[in-house]
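Labels for the chains are A, B, C, D, E, F, G, H, I and J, by order of writing; each one numbers its residues from 1.
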Amino acid sequence: MPDPGLLEAFPTPGDTPFVIEHVSVEFTSVCPKTGHPDFGDVTLRYQPASKRAGGKCVELKSLKLYYQSFRNEGIFYEAVTNRIRDDLVALLNPAWLQIRTDWRGRGGIKSVIRADWGEVPGHFRGV
Amino acid sequence: MPDPGLLEAFPTPGDTPFVIEHVSVEFTSVCPKTGHPDFGDVTLRYQPASKRAGGKCVELKSLKLYYQSFRNEGIFYEAVTNRIRDDLVALLNPAWLQIRTDWRGRGGIKSVIRADWGEVPGHFRGV
Amino acid sequence: MPDPGLLEAFPTPGDTPFVIEHVSVEFTSVCPKTGHPDFGDVTLRYQPASKRAGGKCVELKSLKLYYQSFRNEGIFYEAVTNRIRDDLVALLNPAWLQIRTDWRGRGGIKSVIRADWGEVPGHFRGV
Amino acid sequence: MPDPGLLEAFPTPGDTPFVIEHVSVEFTSVCPKTGHPDFGDVTLRYQPASKRAGGKCVELKSLKLYYQSFRNEGIFYEAVTNRIRDDLVALLNPAWLQIRTDWRGRGGIKSVIRADWGEVPGHFRGV
Amino acid sequence: MPDPGLLEAFPTPGDTPFVIEHVSVEFTSVCPKTGHPDFGDVTLRYQPASKRAGGKCVELKSLKLYYQSFRNEGIFYEAVTNRIRDDLVALLNPAWLQIRTDWRGRGGIKSVIRADWGEVPGHFRGV
Amino acid sequence: MPDPGLLEAFPTPGDTPFVIEHVSVEFTSVCPKTGHPDFGDVTLRYQPASKRAGGKCVELKSLKLYYQSFRNEGIFYEAVTNRIRDDLVALLNPAWLQIRTDWRGRGGIKSVIRADWGEVPGHFRGV
Amino acid sequence: MPDPGLLEAFPTPGDTPFVIEHVSVEFTSVCPKTGHPDFGDVTLRYQPASKRAGGKCVELKSLKLYYQSFRNEGIFYEAVTNRIRDDLVALLNPAWLQIRTDWRGRGGIKSVIRADWGEVPGHFRGV
Amino acid sequence: MPDPGLLEAFPTPGDTPFVIEHVSVEFTSVCPKTGHPDFGDVTLRYQPASKRAGGKCVELKSLKLYYQSFRNEGIFYEAVTNRIRDDLVALLNPAWLQIRTDWRGRGGIKSVIRADWGEVPGHFRGV
Amino acid sequence: MPDPGLLEAFPTPGDTPFVIEHVSVEFTSVCPKTGHPDFGDVTLRYQPASKRAGGKCVELKSLKLYYQSFRNEGIFYEAVTNRIRDDLVALLNPAWLQIRTDWRGRGGIKSVIRADWGEVPGHFRGV
Amino acid sequence: MPDPGLLEAFPTPGDTPFVIEHVSVEFTSVCPKTGHPDFGDVTLRYQPASKRAGGKCVELKSLKLYYQSFRNEGIFYEAVTNRIRDDLVALLNPAWLQIRTDWRGRGGIKSVIRADWGEVPGHFRGV
């Protein structure tokens, strides 16, 4: 069961803005309609708030455990993507944040879902 | 025969905008001029209207069956592309929508047709 | 319906042995179990009998039309592969012949079927 | 000899703007300086004028025959590119049109020539 | 829990030998030591016994369900590979059979395990 | 018109056997049936006879001109391949020689023709 | 121990602006949490100040030695990236400067960290 | 010794703007510090001035000979790039011009230098 | 300092022969001549002795720690390869064993060292 | 001028046979006919004689300098390949040795020359 309680954060190292990207290539959940497993990549991209504003970064191992908590959950592509975005925004309160999920596909159709939060810079949109 | 009646939709999960992309790599129809089969990929990209505005998403299996209904239809590249765009806009009434078809080609010429509807963001145009 | 009557042959140009390979990347048939289309590549490789022994080559356009005759046939991977091998051996009576079919797959499983006839040289086996 | 008389057009299917791209990977002409053949790809990209404005699309087979008419012509890269642009603009009178030629090169130098006509959208420039 | 009871077979179509290969790119199990999921590809390659000898082929959907039954099993790479080989040999009694598992790896080390049964032809060994 | 008179040879540099391979990626001829151009790669591989036996190597520029002499010839894939083999064997009288032609294809079918002369070592066959 | 004292600079060659990019594919440091080594690529991109403003370029071999000084340092991805940016800005006082680190990853998650300084042109952001 | 006297130009064919790109993949010079050879690619991209303004194009073979004149010159990456830009601007007086050099690298560091002249369009910057 | 004491083994699961391959893409040591770090991949391939003969497999995490113990060792390519082979043969006493090291190279030269022990099957040699 | 006096060797580390491969991707010489530079890769593969037989390995930096000594030499592909083979055999007196040169090509023709010495194992021939 997806468990945001597994997520941990640490303070951002400074006030100069920078951008963090983590690409997990081992995401799996279950299709609620067919019961078959879904496999995909999850890309998280965000700019932490500045240090003086209490900016935070997600701890990498906790992110991995959080993703693993979807393993046996029956949940649609769209819901996975929106859920991860909302859980990470709640944890980090970042300057902006972006989730992209790439699904291996079924029946000859591959899917990509993109969900942004806040003012994502133009050069990160659509990529 | 292309049958938009096969298409089904479900309500979008929320009001925060997000973007959905489905790439079918198993599209085939028939060239009306030569009678030979055409093979291509079909990329659908769209942003559902918000939930409070009655936004809808296309159901994936119904999309597959709809694409399969072109299998024995004699129809040109341009018409396939415009037809799919129009059928999906009628179904979804989305914020914006984009169809791209990539054809394997005949006689050493590969073709790509792009058809947009509504205000497609700049970073999705031409890709 | 698969129609070997579409196949045409022409005499091989000489007595020195040589090897012909035709790879069709636009094969499609229908899964008899689910009714969904299957997509694949078909590789034909063979050595014509020598000219003095009445050796023959398959005419390329007729081969294409023969492959197209499987378009709406409900037939399994294994049967497609064995059928094509048998029809072409009957047409050509070659020194040896080999069919390899590569299927795009369903449910995360891609398949390859290889069927030989006669003494296929070692360096063509398993490739 | 390059023959624009080979080109044929048909009416565009509707008034909603869309973009057509044809990539020929089998173009060849002759270098007027050395007499050696040149080989390249020709990309044509354009938006037809709207139907009510008499918009037209180039017929694919006629495009192929037109390209073949350069086969034994002694002509420089730059002239090929400008010539094709001008002949197609004359035929189609499109909203905008773009030609890109990619040449395999001689003496370790590969070349690309890009020629636009009309208001090519920014996302198609330089690609 | 790995369940060979999910596997189904059907009679091979004929007496002429041929070779079947199924590559699953969506295999996952759990590392019994760390509790973290493992991800890999499983390649099955075999030659059915001849029809007159009661030769059998594995049914593709049943193979998929059998692989899915490893999803939450704590089991090492080597054991997965040997287990699949033994279960499929018991089901099919083939002329020969080969399993190759490719694991995405942990800590910078990717692994491949190969297990053969019977007289695998030389051109299929080590590939 | 294919002109073997364009071919030139020079003496091999020594008696120690070695192997020469030239891959031309700019071959074109004409299909005698349709009149459309064919495009392909031509690979020549051979071992010159030893110096004391009068061994010869083909001069590279003359090979290029010879290949260019097929430019407007109506000739089938098989005939091109056998013709080149025979012309080069006549010129070089090598220890062994091999021609492979790879054709870009028409109607979704790509072709490869391989023609050997003499005792081609096993590791060069089928590649 | 990271040692910016290893860095050396030389005067920029002129006043016309230009952009320099150095990609090191052999960076390694140590994870302070687990003690295991981390491996990554470091991309440095910057525009030197103009010559009349005392612009400087980093000397390539000194950059390599500086990167090697992280070899046995326990330091997080984010800190590596910010540290390198700050050390190079202090050395060069450039028009603008950009650091991108690409990490091979642990537990199925690959990471990219991007840190800019000054007015990085839009076409270099996010790449 | 780099010799701009080798460069030749010819008049641009017309007044409609177009863009020319030449990529040389066989550039070599010598590192003035170590005496070891450097190897790289040189990309030249420019828009000739219009015909009525006396626009010129660089002749391809003369460009090749000019590049070859750097072969035994001891010269740094940055100086090569600025030198080529200046020599070609002096020759062509173009609307705009761009040089990009990609160096294979030493000690695990690959480098790219970009130098522009005039108003290079945004879609060509940083590529 | 390379420490074979870090290596651990566990009993092989059975008597049917099978082959294990571990590819580490994060190996680094130090060149004893220049003091600069070397980076490479290490491939280990072996067949454990049968269970009844006391066959053993190397434990994956211990292998990783053993490889890490070379991190600050000054040692040549050839010595690394022979050392790893000898340490693992001493640990495992396998049916056969093979080490291949791929080095990223210095000064434009990449290197591969292959060291076998026992009767390595032909299809694993040279790969 | 090619100078084998630049080559240095060191004693092989032991008696167990192993194989060494060095691939130089920065070789250049000059075509004696046209005066234009040639660019290629040089692969050296050999098995040193055993230690007790006085086996030797080529020192890597000396090999690089030896290759650089061809930089301004007018010499044909075939002669380069045979020359390098002979110089290295004279230096090393190895169990066997193999040279493969890959040339970037001129006029659309790429070339590969292979020269062996002694009993090169079958799995290294033709690769």
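Things to note:
Assume contacts are C-beta pairs under 8 Å (C-beta built on N, C-alpha and C of every residue); 3 or more make two chains touch, one makes a residue touch a chain.
The shown structure was predicted, so the numbers you read here are calculated from the model rather than taken from an experiment.
Common neighbours of chain F and chain G (chains touching each): not present. Rounded to the nearest 5, the angle that brings the Cα atoms of chain D onto chain I is 180°.
By residue number, the contact pairs of B-D overlap by more than half with those of exactly one pair in E-I, G-I or B-C, and this pair is E-I.
Of all chains, the one whose mean C-alpha position sits at the greatest distance from that of chain H is E. The chain pair with the larger count of C-beta pairs in contact, out of I-J and B-C, is I-J. Remark: chain A and chain B have CA centroids separated by 27 Å (rounded to whole angstrom). For this pair, chain G with chain J, the centres built from the Cα atoms lie 37 Å apart. Each chain gets a centre from the mean of its Cα atoms; for chain B and chain H, those two points are 44 Å apart.
Residues of chain E in contact with two or more other chains: 25-26, 36, 39, 104, 106-108, 122, 127.
Listed by chain label, the pairs that touch are A-B, A-C, A-E, A-G, B-C, B-D, B-F, C-E, C-F, D-F, D-H, D-J, E-G, E-I, F-J, G-H, G-I, H-I, H-J, I-J. Against chain A, the residues of chain C that register as touching in their complex are 36, 39, 104, 106-108.
Residues of chain F touching chain J in their complex: 12-14, 16-26, 57, 60-61, 63-64, 121-124, 127. Remark: chain F residues 78-79, 81-82, 85, 105-117, 122, 125-127 touch chain C in the complex. Within the complex formed with chain E, the residues of chain A that make contact are 25-26, 28, 36-37, 39, 68, 71-72, 104.
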